[in-house]
Structure formats: structure tokens, C-alpha cells
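What follows is a pair of complexes built around subunit A, which joins subunit B in one and subunit C in the other.
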Partner chain A sequence: MVIEDTLFVLWLLLAGPLWATVGLFILPGVNQGRGEKEQVPATTLKIAGLVGGFALGPVGLGLFYLEPTLIRRSSLTLGVVLTVFLSSQVLARIVDPNLPAALWLLLAGPLWAALAAYFIPRHYRDLEADDQNALTAAALGGFAIGPLIFGLMWKTVPKVNRDWMISLGALGAWQIYALFAIQNPANPCVALPYAATYLTQQTANGIVIGCIYSLMAVGLTLIYSVQGVVSFAHGQLYMVGGYFSFYFLLHAGNVLSELTGTEVSVNPIWGIPVAAVIVFVMGAIFERVFLKPMHEGLIERVSEYAILITFGFGFFLEYTTLAIAGPFPQKTDRFIQIRRFTLDRFHFNDEVFFGPIHIIGDRAFAMVVGVALIFALLYFLQRSWTGRALRATSQDRQAAAVTGINPTNMNTLSFAMGSMLAAMSGAALIPIFNWVPWVGAEMVGRSYVIVVLGGLGSVPGALAGGIIVGIVEALGAGCHPDPSRGAAYKEAFALVIFALVLLLKPTGLFGREQH
Partner chain B sequence: MLAFRRFERAIDSGIGRRKLGYLMIALIIAFFLWFPNDTSQSNYAKTVFISGFFYAIMSSSWALLAGIAGQFSFGHMAFMGIGAYVAGLIARDGVAFAMLGVNITPESISSLGAIIIGTVAAGAVGLVIGWLLLRLRSAYLALFTIAFSELFRIIMLTEYDYTGGSNGLSLRPLLQIADVNAARQVEYYLMFGLLIVCLLALYWVANSPIGLFLRAMREDEDAASALGVNVVRYKILVFVFTSMIVGFAGAIFYSDVGSERIIPEQLEILQMSLIIAYAVIGGMESLIGAAAGAFISRYLLEAMRQVVISLPFGLTTADGSDAFVWDTGYWRFALFGVVMVFTLRYMRNGLLYPIITWFSGRDIAMKETVSIRESDDDEGAAPTEADDE
Partner chain C sequence: MKRISLFISILALLALTALLPTGAVYADGHCEFAEDSIKIGGLVPLSAPGTVAGGVAMSWAINRAADDINAACGVAIDGVNYAIEIVIGDSEGSPERGQAVVERFILEDEVDAVTGVYHSAVGLATMGMLDENRIPTVFSEPWNDNVSANGIMEYDGRPPRNADGVDHVFRVSPASSMVGSVVVDWLLDLGVGNVVIIAENTDYGQPAAADELARFEAAGATVTQINVELGTEDFVPILSRIQASAETPDVVRVIVTGETSFNLTQQMAELGIAPTEDTICVTNQVAFQSEQYWQNVPDGNYCAFNRVGIIPSLFSDTAVELNEAYFEEFEDIVPSYAMASYDAVWIIADGMARAGSMSDGAAIVAAIETTDLDLSQGRYYFEYGNHNPDLPEGTPAFMWHQWPDPVVTMMQYFEQGQSSLDAAVIFPVVYQTHGSSYIAPGTSP
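Moving on, here comes the complex of A and B:
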């Protein structure tokens, strides 16, 4: 930290912190010898002294002292602007590579986000304005534009809609990206000719994997919306789904090879329906035995019981799988076996190319499966009688029962279907990832982030949340300066989203309001 | 059955159940105090007991948090890990002090000082997480702490320059005793003493007015809040308190008392689920039940490593030996999971509940009347839901 020139030292002598201190103590003296009506509030005077002294030194102080009418909002605003300008001058004269980051931390960033998030919603409540989203907008705005958010939201108290949050959030994200680019110019995410391709590529990867995340999260959200229960066995059901697929393919391959006398391997796509059916039955049985009594009022403190019983189920599944399959990584064959297939624009070998973007064939296939299943589910929920009955039950149990829907069956169906979706995403991912009995723990943390981000109980929310989490993970892992750490910290990026959502908007993007 | 009734009557007219209960507790404590002096026992048995005490602390503090306060945290192991890792890192290279600009060399910190710093760190993280999450419904706490503990494990695994990665981190030893047998004995008494102290502290909280508030909140948060209980503050208080207890216990246990080094594997969700299973099987609403459940389960899991069934009548197995030998491996945990699920469904207050009830002479479980509660909820909830749609 080196201070460069004499002009700056001059400013330090003629204005700056020294005169700010002087002003803080001298200016309240204005009130002496004045009548009751002409008194200026002491706090205003102190602030005026601080700002005037800092920005203009003795000149400002003298002006305020002689003419207290100048101490009004307009003059204070002028003082603030001057202060900001001059302190940026201070910072510009300090030679330091971390300067842009320090400047941003001072003028915007988390500090102002916290300040705005604390004060603005209280201000809204004091004025009895509509404070929905005020917290989110204030925090994002403080993060992106610093103290200016007070200017935007303090005086007029505007009603905040979604555009505000999107533009402010985008501005903040852009600032982080710019700072990142200044700090680390050699990173593939910012090094120019390739950055665009690289970022598009990472985003595409994120979307692809995000669709599978969504499939799993949709199961969780389906269970929650009908039963009001978060299934803590979801990760284990996902893991078990993968193993069912694996063992089915192994045995089916062996049997077919013996029958035909040649080496036959079954495409992993056949593992998906098998895993789905088995886990559907498992989920239904578990629901009937352990969760049904809960809805019949046989059990005290339902929410506790629901957490623990599903957790215990997951515990049992995980250790049973460990005992049967052992702690060794397993993998099935791949979905797509095309060796080399070239078109003019598109290439199909092991990877699928779309112009500059290429996606590993298996992942693309898994994405197609995931999206198809989600849309099939949405179609089922919207169009079929059973699907409508499920939605009706999730909206109002009593009313649904009156119209002839059996809520008990709907509970069982929702749990079984949710578990089935987890198992299907497991069976769709086992050709891609190495499968060990504890894969579920990692994956389930992610799907909790997704359902909270999208809003607990909302199917479109789970879809959007899954894609957002997938993109953030891919970008975070791809742009981390140390690639091996970036890959290890994949989940950490999702967890940051989790914390932010809980802080700013616990209902999530599409969630119903909490009671 | 009749004989039991007669015995019961005799006890009631004699010394009374409560006194008999205290006598039993005294006997159990006497047994634990005597145990390491038994020269026929190996050091292995003492080690099993030491880890049993440690898990008893973990699961009884979890019982306070989940059973009495009704807050489901899956981050208990992570807080234990924070205590242990911070204590180890502070005493090893003092990076934190250098960052703060304080001129303290790591050598000048005693192992006890490091442990205390670790405890405070666990409490501080607990405060932040509690402040973030305890305003919301209980499911959010469970969701976040699962993700948080997984993240903490991954950080400890990845930052191997500091934490030693999967090799683990060794903390500065708390005791320096050259003789192995004597060291084991001292460690045993230290851990047992810690268990007693922690149980007393937990009981003190549970039986103070705070404990009463916590139970009230667990049963009906809105009602408690309407009656003037500052719900969020008490939830945060108990969360920080239990975090500090487990941080303290973890830092001591891994300071070469029960284990030489802390490894990230200890922080897995599977380990956390074991703690929960111990507490559930022992009884979530009684702290001593959870502690006893943890100790007994720990002992049984250790004893069940290899199951040997001797065949009667001179029968032999296929390979000619006269006993079945089964290395249980992970099956014992799977069995444990089955026991946990069925305990939850059919004996909600734990397997030790009948014994504790019999000795205390009253029903310890805090029951709520389910049927009344249901109808209340329905009347209250219907209009608000209609508003939202």
C-alpha cells in the first residue's frame, strides 16, 4: 500500500478525516443561542459536520455553521456524493492489485447488502407499504449498486416485482464476474477468444445434468406437496434404483448369453423401468406400513415422526446395500454404443456436437430420459383423473375426500411415485457415474437445495431449480482456479444458493406462502 | 406375571421405586468406576467403553435438541468435527492467529486452550446456522444441516494441505503418560467424568425453566409464542449449547483420549445416522435413556462383529466344524436400522422406556392428545389455505 502524490496529502490536511472529526464536535454548537423553533436536530448537525468536514474541510464547516438552513437533505446528498467521489480518489491513489475488489467491497457488495436488507424492509413496514419481495430486492440491490439502493427505495417506496430482482441480480452477478476477470485473467472462463465457447459449453453441461437433478427433486416435491413430508430416504432410494438397474442388467445379460450362446449385453435403458417398478412397490409398502398410521392420527408429533421414520428407512437401505453390494464402485455399460457417425454439421461418435458445444452422448441421453419423464409426469398430473386427484389432495385434503377421492390411496401413490422418480434418475445415471452405496448422500443434499430453491411442493419450481443448480455447479466447478478443488467443491456452490435462498426468500422461487 | 406383581408390591411398600432407581444408578456408576481396575479386561474393552461414553454424550445431547426441543439437526457430527478440527489446527500451525495479526505462536497454546477455542468455534458456527434457520419450520433445519455436514466433510477432505485430507488430523495430546495401561485407565476415567458432567449439564438445562419453554415450544410453537416465550431465542440458545457440548466432547475425544486423529470419514451422514439411531432406540425424550441406548448399542455392535453359533448334538456344518461362524460386516448395521424403524413405529419412547418409567413411578413421556389437536388444526388451517390459493 503506497500513497502516491502530494496532492493527496494536501487533501488529507485540508479536508478528509481530520476535518470530519472537527466538524463532528464543532457543528452541534450551532444550536447555542437560538430559539426553540430555530433549533436544528443534533443528529443532523453531527452528520452534517462529519460529511461537510470530510468533503470540503473548513470551507464546508464554515458554510454550515454560518448558514444552518443549508443543512437540508439536498445539501447532505451533495455532501454524500462528494464524499464518495473523494474517497474514491483516495482509493485510486493507493497502488494495490486488490484495489478493484476492495473498492467494490467498500462501495457495494455484502456490506451494503446487509445494511439494505436490515433497514429497507423495516422502513417498508413502518410506512405500511407492501413489503413482499422488499427484502430480496434490498439485499440484491445493496449488493449490486451499494448505497444507491437507498435512494431508489427509501423515498418513493416502490412496489417490487420480479423484474427488479432479475435486473439487480444480473448486475451483481456481472460485477462478480468482472472482479473475477480482473483478479485472474488467465482463467479459461475469462481469457477472451475462448471464454464464450467455454462458458456456453459449461452452461450446456449444467443444463444437461440439471435435468436429471430435477427428475429426482420432482419426486421429493411430489411427496411433500401431497403429504407434507420431506422424505429423508430419497437419496437412498436413488442409490437403490441404480443398484437394481445394475443387478438386473448383470443377470439379464448372463441369462441371455447362456440362452443364445453368444456374448449379449442389455442396454441400460431397460434397467430404468425395472428399477422403477421395484422401487414403486417398495415405496408403496413402506408408506402403507409406516406412514399411513401417521395420517390416521395414531402417532404423536407427526412432523418429527415423519423425519425420523424416513431417515431410518434410508439408514436401513444404505447399510443393506453396503452389506449386499459392498463398498466397491460399480458401473453399467453405456447407453449409446455408436462408434463414429459423422454428418456435415453434427457429429455423432461418443460425443454429440452442436457447433462448438459438445455433450457426452450418455449424458445427453440421460437428459432426454429425464425431460421426457418430467413431461410425462406433468401430463399425468394435469390430464389424468388420478393426477388431478393427487393435485386436489395436495390442495385440500378434506375437500378432496368429500368429492370421493380416497386420500389414503393418494398418499400411498404420491410416496410410491416420488420414490419411483428417484430410482429412475438413479437408473439413468448409473451408466455415467461410479456407483457406491453412499452416492445418495451427496445427491440428496443437492435435491434439497433444488426443492427449497424452487419452492417446496412446486413441480415447475423443481424443474427450474434443478437447471439453475446444474448451471451454477458447472460454472463454479469450471471456473474455479484450481480444477481439482473446483470439482470437489461442486456441492459448496449449491449450498451457497441454499443459504441465500433461506436468507432472502425462504418460500423459494415458485413456492406457496408459508403459514 | 403374578410373581412380578408381588415383587412390585414388595418394592412399593419397602424402599420405593425411586430409591431403588437411585440405588441402581449408584450401582451402575460404581461398576463403571471399578471396571478399569479389573485386570482380566484387555485394553480393547476399555477402548470400546471409552468410545461408548463418547457416543453417549453425542446422542444424549442430540436427544436434548431433538427430543426435548424438537429441533432436528443432522449436523451434530459436523459440529463435533468443527470442535476437533479447530482445536487441532489452532495448536498446529496457528494460521488463524497470523491472520488476526496476534503474536501468538502455536506452541504457546496448551492443549486445553486449543480445546476451548474449538468449543467456542463450534458454538459460533452453531449461532450463525441457528440464526439463519431456526426462524423457519423444522424441516428446513434438517435439510440444511444435511447439506452443511456433507459440505464440511468435503472441505476437510479437499484442503489436505491444512487438514491432512483422508489421513486425518492429529490433535495435540491432552495427556502425556508413557505407560500404555496407565494411560488407558486415565483416559477411561476422563471420558467417564466428561459423560457425567455433560449429562448433569444437559439435565440442568432440561429441568430449568428453559427446558419447560423448550417443551412448550415443541408441543405448540404458536401457543408458546403467544404466552410470551421468545421462541427463536430459546431455539438458538439450545442449538448453540448442544453444539458447544459436542464440540467440546469431540475436541477432547480426538486429543489422543479416545482416538489419535480425526478423519473426515467420521463426519459422514452414516455416522450421524448412527447417533440418531442410538438416541431413538434408547429413547429420545429421556437424556439418560439416549445415553444408555448409545452405550449399549455401541457395545452390542462391537460384540456382534462375529457371531458364532455352536451346534448342539454333535452336528457339524458342511465344512466339518461344530459351529456356524458369521462375520456380520454391514449386516449388523442393517439389522440396527430395522430395530430403529420398528422402535419408532411401535415404541416411540425407546426400548428403555418401560424400565425408566417403572423406576420413576410416573409416565415420563409428554403426551399430547392427538384427536383434539387434529380437529384444531383443520379448523385453523382451512381458511388460511383458501386465502393463499
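Moving on, here comes the complex of A and C:
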């Protein structure tokens, strides 16, 4: 109650009828000392003072007073603010007038984020200021500090760097967590003394699975960066990678068992290179036969063709596998014979403790494999001639061709490598998840989210995107106020982040602008 | 010139075809069949997101039943033998797709009866269509109580739903409540007080969980329900939540079907949540497919599971033969839904034979209501229907057109890699095979 009352008093200080009255009297004074052409109609000023003061408090009034052009241009703004304010007031009273969340929505939160994201970047462009990151910072700022962000960014038009965004983002995250904690005191993500352990556990879960997601997404982003094609067969290539590994291990085990006379089980790690080689060749052949004509100008509607042909390839792989392998789930042996790694509980005193933290053994191993492969790919792209050629082609095909790089070969290589990475991801995961011919469907959907989140064409972006998606899903499912629904909404949490990134930074976290 | 020759050849071929005998019968060696055949639609999931493994097994069983019936000279109606022809339709586990397939069954294939259906959502979505079109139907796997109860939901002493007083839908699988009562009775006997139910978000999972939750809470147990989507692969975040709860649950009950339940059970075991000394693991009946189970849940030893259908040690000759044929095809033990699908075709065929018609829906329904057949799962009969419309007070509505005797047992593995034929039957006591109601992890019965 103390917190709620404090916030309510804060709101009374910052906005409300008091400031509306102040605005009504102060704002008409704006016209004093201004030329005739710069005069703002008195009625407009009175309305702006009344509404601006009521909705935005001293910050709004200050903005209007210092920048009267804002009033002139923003009758729409006032309408929006009024609507937002009144709807927030109604919301706060209908839903629960005492809830701090409602006050937060009023003083900061998504509504102010939307307003700031709309107006501040335009203001930057009007002033011909550097508006890079202005949209993101404005939105994050509106989210975290509400109307104060206008005070911060409108007059001085500061150059926004990454520190700004980290600070504002962290402040916003803190507010959400604080509100969440006030409203859900028994939630395992906030309830002491378990919260630190639980949050660490869920974050670890997210990082582990996120690194595995990344490996698959990296292949997708590699293909896109060089060819500009989104492979809709990626999920099925991931699936066949798992099956190639499964059948290789099965037959290799049988052969070795016959040779040695004892039952031999081949470690699934050997399935990864086998799946990689087979799918690399498959990908190369597919690219040569079906995608090359597209780049040679033999296809009229290139975008549609790329979608349809990769879709078709995916269907072919899925139903061929169903016919050959059947619908029953398959799985290989473990990578390592350790069921789980456990960091034991340790106490700071009788009441404060940390742990235990559990990580499933095979997942930890697959994570290491995934990260190692991603770094190997990065090394290849940065240090080898062929890798540089791939990057050059992705940046400018014609310029690359002038320097002696064959773009056609680079296309083939990128698709084959991308397919290979999907297959390796599948081969790394078949000891962890049950394998059926449609196993790629869920994974590929997530991969699209990851590559857009990280930035289409960016390998580090795919790694970061995978980890973010993994953590968001784990924390979302683990912290949802209703435990019966957390797991069911797991994928939706990542999609919320996806939608936000598309809104705020359409190029993704590490993406580059297409020119 | 060549085209004219081709045209003449085709005409000649058509003429020859027209001249072929069009009599009422043909022979396959030892039986004479009428030219017309009885068409039975088999509605099963053969594509994702449906449970394809279940659909494949059911499809196999339905075709196997038709082959066996035809090998015994088909269905004799008025002294003429009619062969059974199966038309399989893929429901994909989706209600709207199921409805489209049923529409095709009725309008294009002109089926005389329908069987199959794995997912409750498909059963609920199609039963009205089947009833309105007067197609005798024997569902073989949907568990949602309302699949049979809808026919009598508004029962007030008069025949339900249809103006002609005939309800065409029967069910030979158990209703969820029949399974839930066994699971809950067993767990309450063991004295559990803190229960976690993980249920799939489907027309099977949610009502089944609600039923079990109500039974547990009525007995004073504390229940936490967690809903999950079918097809989810990674359950670790939500399992970590269970692990972080202040009190260790006495039991984790999995009401999730197919390979999704395999992933869930394995991850539960890997994290050390269940089965453990403190927490009982109760997984889905698909665990009975021991080959698949051990391949996909290698850490699932000591998990208990509900089993529908006669226990392996009491298999009849029909069940043994069916099991052998299934094993030859799939290298696993025949699941209950395959047995039920096999039996359903026989029930339809028997009904048609006794009704003396393959198209008179009302007569066939009346005949099926008075079924008395010993098949792979035991003796089939339907206690309540138009032949006996008065449900005693306290009898649940779903007993209308419901086979009342599906055997529901609790079984438990106690050795790594054990065949389900050797697994212990632990409940009800009358079926116990190892003298124990629960085998604690690390022990032997």
C-alpha cells in the first residue's frame, strides 16, 4: 500500500488537474514577444495548456512553453495524448484503481513508448540531427520514464549511443520486474530466498537451448546473406540431418558389432560430420539445379520462385522421410553418460542460499558443439579466402565478381553450407529430442524469429538472437503468473520480442540496412 | 491414320469391357462375393499435427480386420456375401480437416459406416455430421466423455438428438472419466497429497485433467495443473518450475499423448523430478509401446502408466494373433487403439449382418446396440441405447452407446528395457501380477 500511495501522490504531482489549471493560465503567455507570424491562436494555447498539463504535467507544459511550434503542429498529438490519458484513467479505475501497474501505464509504459517513438525521430529529422537509434531510444525511454523522455530528447536532441539504450532498457526492465514483484509476490521469479537460484536456473536453461537454436538459425542467415533467399526447406534439412545421423549410427553400430562380436554403440558425435557431408552435397545439388537458373535471369518472378521451390523441396524431404523412416519417433544414444550436471546448493547463512542448478548433460554437450561450430564458421568467414569471398559476395555481388570471385560458386557454397549447418544442428539434437519427420516445423519457425531478431545475414546476430529467444522463452514460461499457462505460451513470449524488434529496429539487432 | 487406329482400339476396348459379365457375384477362390461391397470409412490421423504413429497403427488394424472378415467370406446379408472395402481418410488430428474427410466419405465415397478417430477434437467435430447423415459409427479411440455423452446430453426420456430417435455413434474406447477414476483411485490408495498434472491443451487433455483434478480435490489432495501444447519439444523451463516449488510433489501425472509425452517424460527423468523416491511418475498409455518407449525415454524406468485393454497375460487367441501380426509389421506390441479399431470393424460387420442391411442406418444401429461379441479386447456389448434407454440415477451420460467394460489398469516398468508384456500390472488389485501396488525406484517386486 505504501508503494501504491506513493505512486499515486507522484502522479498528482506530475500531472492531473493541478497542472491543467497551471497550463490554462501559463501557456497563453507564449505569444508575448513573438512576431505576428509566429503567434499561436489563443484558443489553441488554452486547450494545449489544459490538456497538456492534465496529461503530461510539468514536462508537457515545459515542452509547449519552450517549443510553441510543437503546439501548432500537434493538434493530433494532443488528441492522442488526451485519448491515451483518458483511456488510462478509465483503465486504472475499471481494472483496479490501486494497482501500480495502471499508474505505470499512465506515467510511463507502452503508451508513452509509442508516442515517443512516433514523434521524437520525426523531430530529429526535422532538425536534420543524427537520428540513428533515435527511434529505439525514444521508445525505450518512453517505456521507462514516460513523458520525461520528451524533456530529455526534444530540446537538446542528443546523439543516441548504445549506452543510452542499455540504460533505458535496463530501467524499463527493472520497472517491469518491480511491478511484477509487487503484484506476484509468491512467484518463484521474485520470491526470496529462491528467486536468485530460480532465475539463474531459467537463464541457464535459456542459454543452453538458445545456443542450440542459434546453430540452425546461422545456416538460414548464411543463405540469406549471400543469395537473398529465405530457405523454406531449412526445417526439413534439419530433420534429415538427424535421420542421416540416426541411420549412420544404427548401421555403423551393427557393422562394428558383427566385426567385434560384441554389442557396439557408436557415439552420436560421429553422426554430425556424416550428416554434414551428405546434406552439404544435397544442398549443393539442389542449388545448382533449382536455384542457379534464378540467378542467371532464367526465372521471371524470382522471389515467388525462391519461396515455392524451397517449400517444395521441404515437402519432398518431409514426405519422403515419412515414407522411408515411418512416423514412429526415433532417438540415438547419449553423447555423454551423465544425466545432468548439478551445481550443489551452498549457504551464505541459515536463510540465504544459492542453488542447486541443474543442466541436462546432453544439452550442455550439444550447446558446446553448437557454439564451437558457430565460432568455426565465424573463423572461416573472417580468416579464409573462401569465407571472405562469401562475405564479399553478400555485400556486393558485382564488385565481388570484378575481383575474381565467382558469385555462382559462392551461391552454391552458401546454400550447401547453410543446409549443412541445419543438418549438423539436427544431428546434434537427435540424442535430445524425439525425432519424427515433422520435427523441423517448430524449430524452423523459431529460426525465422531468431534471424530477424539478430539481423538477417548476421552470424553473430543469429547467435545473439538464439540466446535471447532461449532466455525469453525460459523466463516467460518459468515466470508467468499462471503456472498452468506459462508453458503453453512459451513461443508467444519470443514472438512479442520479435514484434518489438521489428517495430523499433527493423534491421534486427546486428543487421545492416539494405541499399 | 494412327490416331484413327488408336480411337478404334479404345472403342473396342470399351465395348469389350461392357460385354464382360456384370453378374452379382465374383469369386476370390473360396468365397463368392456380391459385386457391391460394404464401404467403411476409417478416419485416422496420418499427418502432423495429428498423432501419426497412432493413425498408422489404427489404419493397419482397420485394414487387417477387413482382410480377416473378407477371408471369412465377408458379411452375409440375405444369403449374399459382401466384401468389406476400407476407405482411409487422413484427419491430421484437426477438427476441420476431419469434417472435410467425413464430408468426402459421405458425398463421394458413399460409405456405409465409419470407424477410427484418434483425437477427441476430431470425434466431437464429426459426430454430428455422421449422425445427421445416419451413418452408423463406432469410434475406436477418442476419450473425451462427450463423444458418447452428446447423444444423451439433453435426454429427458425421449430419444436423443435425431428426430427419428436414432443416435448413430458408438464408442469402444473408454471415456476419460473411466480412465481417470482408475488413475486417481490408485494414487489415492498410495496416499498422495500433492499432485502435479501436466495436460495437453486439447479436447482430450483438458477435460481429462479437469476430471482428475476434481477427483483429487474431492479427496483433499492439492493439485497444480500445467497445460502444454502438443508438439512442444523443450519442457525444461516448466519442469524447473516444478523443481523450484517449495514442496516436492508426490506425483507428476502426464496427460499428454504421442511423442510429446516421450519428450516430457524423458526430460522429467533427466532433471531428477520423477520417478524418484519422493515423486511417482505416471506417464501416458503410449508407454505401453515398449520398443518406442525405451528408445525415446531411456531414463524412464519405474514410470507407471495407464493401460487400456486386456492385460497381456490375459490376451485371448484373437488378441495373440493380432499382436503377432502387429509385431511382424511394426516390431512392437499391439496398442489398445489398434485392437479397438480392429474390433470396431468386426462390430460394424456383425451389426450389418444381423440387421440384414448395409444401408439401413436405423436397423444397423439397433443391431449394434444388441452386440454380443468376443473380440481382441474382450466381450463387447452396449448396456445403454434405445434398447435400454433408462440410465439409472448416478450413471454418467457418456454410458449411452458406450462399451462399458474396457479394462483400464495401471502398469509399471521395473527393469531398464523391459518389454511391456513383462511389466508389472499394479492396479486394480484384482489384476496385479507382481503383488505390489507400486514398485519404488531402485527396488524389484
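The criterion applied here is as follows: the second predicted complex is superposed on the first by the 395 of 515 C-alpha atoms of A that agree within 3 Å, B and C clash if a C-alpha of one lies under 4 Å from a C-alpha of the other, contacts with A are read in each partner's own complex, and residues count from 1 in each chain.
Just so it is clear, contacts are C-beta pairs under 8 Å (C-beta built on N, C-alpha and C of every residue); 3 or more make two chains touch, one makes a residue touch a chain.
Source: prediction; values computed, not measured.
Because the two structures share subunit A, they can be overlaid on it, and in that overlay subunit B clashes with subunit C. After superposition on the shared chain, subunit A has more residues touched by B, the comparison being subunit B against subunit C.
In the superposition on chain A, contact of A:A488 is made with both subunit B and subunit C. Applying the stated contact rule after C-alpha superposition, one finds that A:L503 touches subunit B and leaves subunit C untouched.
When the shared chain is aligned, subunit B comes close enough to touch A:E300, but subunit C does not. Within the superposed three-chain model, A:E442 lies in touch with subunit B and with subunit C [touch as defined at top].
Of the two partner chains, neither subunit B nor subunit C is touched by A:G404. Of the two partner chains placed by superposition, only subunit B is touched by A:F290; subunit C is not.
Of the two partner chains placed by superposition, A:G261 touches none, neither subunit B nor subunit C. By the document's definition of touching, of the two partners only subunit B reaches A:F316; subunit C does not. Only one of the stretches 7-15, 43-51, 97-105 or 115-123 belonging to subunit B has C-alpha atoms clashing with subunit C in the superposition, and it is 43-51. The residues of subunit A shared by its contacts with subunit B and with subunit C are 322, 438, 441-442, 485, 488. Within the complex formed with subunit A, the residues of subunit C that make contact are 46-49, 52-53, 55-56, 201, 224-229, 231-238, 240-241, 243-246, 259, 262-263, 267, 269-272, 292, 295-296, 298-299, 330, 332.
Only residues 188, 194, 197-198, 201-202, 205-206, 209, 322, 326-331, 334, 339-340, 358, 360-361, 363, 433-434, 436-439, 441-443, 473-478, 483-488, 490 of subunit A touch subunit C when the two sit together in their complex. Contact residues on subunit A toward subunit B in their complex (touch as defined above): 230, 232, 289-290, 293, 297-301, 303-305, 307-309, 311-320, 322-323, 395-396, 398, 438, 441-442, 444-446, 448-449, 452, 456, 485, 488-489, 491-492, 494-495, 498-499, 502-503, 506, 512-515. Subunit B makes touch with subunit A in their complex at residues 66, 70, 72, 132-133, 136-140, 142-144, 146-148, 150-151, 154-155, 157-158, 218, 268-270, 273, 276-277, 280, 329-331, 333-334, 336-338, 340-341, 344-345, 348, 367-368, 370-371, 374, 378, 381-382, 384-386, 388-389.
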